[in-house]
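In what follows, subunit A forms one complex with subunit B and a second complex with subunit C.
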Partner chain A sequence: MAGAAVLGRLTWRVSTVTSVRDETATARTIALKIPGWPGHRAGQHVDVRLTSADGYSAQRSYSIASAPDGGQVELTVQRLPDGEVSPYLAQVLDAGDLLELRGPIGGWFVWEPAPAPVLLIAGGSGVVPLMAMIRARAATGTHSPFRLVYSVRAPGDAFYAAELAERQRGDDGLHVAYVYTRTTPPGWPVPPGRIGAGQLTAPGWTPDRSPAVFVCGPTGFVETAANLLVNAGHDPRMIKTERFGPSGGQS
Partner chain B sequence: MSTHLDGNVLGGELGELFTVDVTAATGRCASCGTVSAIAQTHVYTDGPGVVARCPACSGVMLRLVRGPGRAWLDVRGISCLQLALPGEP
Partner chain C sequence: MGVVTPGWTGRRRPGGERLPPGQYLVTDFPVLSAGPTPRVDLASWEFRVTTETGQARSWDWASFRALPTERITVDLHCVTKWSKLRTPWRGVSVDALLAQVETSAGFALARSYGGYTTNLPVAICSAARPGSRSSTTARRSEPSTAVPRGSWCRTCTCGSRPSG
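On to the complex of A and B.
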């Protein structure tokens, strides 16, 4: 939004955790209040820095999950078993605690409200910035057709499942399709498997409609999905990708 | 070869140095001439600094090393950088 365009170097800020809530058995949403926050755009991220008593510090990037809302920001953090930062964020941090961060970061992997159709492709916790776009679409009353293709290992790994189901009711412009790579829900029509060309093709989001495409997930997932999209005829210039991984990325 | 991330992850480090977002800027690779958004470069973060490579030819476009109170930025692999300036039509 307008506030996000303020010119200035990024500096570290101290935010306050206002609440935490579980999304899955291993992921948690952290709501923060950030004094002086200039606002953000859907798709942007923050860098979080943890510093121990002896001065050692570690920092990671986390996507913003919430629609722009003044000084309020929500992050959803997936706990990685051997992570250096995510176990603290997803298990220890609680309401009232302080958290050092800088942001908003990124001006490329962002969605601005516009009438063009949007195709969102998420691998695992790559859904977080795409959820910010879905929430921003609703918050701004934008009616552009949105389709989310969301690849997860098993049904219990899906973030925001209840909210996505609720948002789809009464909104025929929002479509959500799940891809299960390890375990499907009972009675699911196809066996588990990796994302394929078929799941990325849907009437309304075909290349001739020139949808804006956002792909976010682990590197291998992003490259697979981007290749499938280009092979299906999508203009590479319409495909925006964001990769994350354990090294310096979201961990 | 280690797994790469992409230039989106550079936003925080470059945002410490510049007042405009550099990840949305486009850069021309000095090796092959391909123009990419900095966000699309392939970024390796497991060395002492970060290295951004051209997604087309893997040529090194940008290297950034941070130390206490200091930064080293090598952009000789980018022959031209085009930046959007917010607030201008």
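On to the complex of A and C.
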């Protein structure tokens, strides 16, 4: 059984793009239908493979943004200015196109529905797997307290802003706090700046409540946030991290 | 060969001829850590080898650093798709450590500070095996945003290093 499951994850599948939608000026969500998809857990990712006519191929990993939903999977891809794969996915790929992928991958950075509180810390496009957790919480009717601290350069860079606002309405258990590093919305109470200790704590979110913590973002951001959390008294064993991109970067 | 992606040609980067299929080139050092960077007190740090019979040999930081070190430069191909070419390493050969114990084990379980574990054939850890040339571990570095890990072997299995 386990062997068959592993083979399934390693098998390249041909999915069909069912729709695309822009999240920001530089990021797009791609909805896929994947025949034979075994399902996934919130936080997992897939490998995507592009192949040119002469046989050259490139692979990248992308987090799944959607809650588990049969053979439907959504990815959100941030276009990197110098990227080899992401510009194609975020600008060219369209509904009806085929896309090769395999997965789901990852057994560590995942959230399973449970009553314990969950603290999510996102830097830039690191919000994607955390959004899958927020969506899975709603989809399963789980009432565990969730708090998302989401660091973006400017308001226009935030993924899922309208959906997050909508989900917060009428849900006392979900709280979203933004950190703006370059540009704030008009009238924002604090100037733009990097994430700090003050933004990682909130009433009811002290380390003694032992929330499960998921941190995802560029390497520099994750390092900063994880250190702040440990310094604040969070048990390092309760903090799971997912880092991407070159070291030193920070969203 | 996979399904051809219409309109995509890819971009073969300089140095790409040394890349295995599907890998992409990095010049920085991606950090792969499942949690916060471990904070390890050098005064209590140890490197321990335990054999299949339970025999154990350990080194504290001072005695570990007293071991002969070597420098190697190898291409690093990580299973997470990035490759870093001509990566210089300095450290202690795993062979030098295994020489201190009696073992005929076929596989090793490597355990790092921070709780990460991985298992792999002893033959891959060992430079003594033909075709396997790099095997170093552990050098000191401050935890930082760009922590290159002490490498166990050229399969890119990484362990944590002490901070100090």
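As a convention for this text, the second predicted complex is superposed on the first by the 236 of 251 C-alpha atoms of A that agree within 3 Å, B and C clash if a C-alpha of one lies under 4 Å from a C-alpha of the other, contacts with A are read in each partner's own complex, and residues count from 1 in each chain.
Please note the rule applied: a contact is a pair of C-beta atoms (placed from the backbone, for glycine too) under 8 Å apart; a residue touches a chain by one contact, two chains touch by 3 or more.
Treat the numbers as computed from the prediction; the structure is a model and nothing was measured.
Within the superposed three-chain model, A:Val92 lies in touch with subunit C and out of touch with subunit B [touch as defined at top].
Look at A:Ala53: by the touch rule set out above, it reaches subunit C but stays clear of subunit B.
Judged by the touch definition given at the top, the superposed model places A:Arg243 against both subunit B and subunit C. Contact with subunit B, but none with subunit C, is seen for A:His45 once the two complexes are overlaid on the shared chain.
In the superposition on chain A, A:Gly103 makes contact with subunit B only, while subunit C stays out of contact range.
Using the contact criterion defined above for the overlaid structures, shared-chain residue A:Glu84 touches subunit C, although it does not reach subunit B. Judged by the touch definition given at the top, the superposed model places A:Arg9 against subunit B, while subunit C stays out of reach.
Between subunit B and subunit C, the partner in contact with more residues of subunit A is C. Shared-chain residue A:Ala226: touches subunit C; no touch with subunit B. Comparing which residues of subunit A touch subunit B with which touch subunit C, the overlap comprises 47, 59, 61, 108-109, 219-220, 240-241, 243, 245, 247-248.
The residues of subunit C lying in touch with subunit A in their complex are 1-13, 21-22, 24, 26, 28-39, 80-81, 114-115, 143-147. Residues of subunit B touching subunit A in their complex: 2-9, 11-12, 15-21, 23-24, 37-40, 45-46, 50, 84, 86-87. Across the complex, subunit C is touched by residues 12, 14, 47, 49-53, 55-61, 84, 88, 92, 97-100, 108-109, 219-220, 223-224, 226-227, 229-230, 236-237, 239-241, 243, 245-248 of subunit A.
Residue ranges of subunit A in contact with subunit B, taken from their complex: 5, 7-11, 45-47, 59, 61, 102-103, 105-109, 219-220, 240-245, 247-249.
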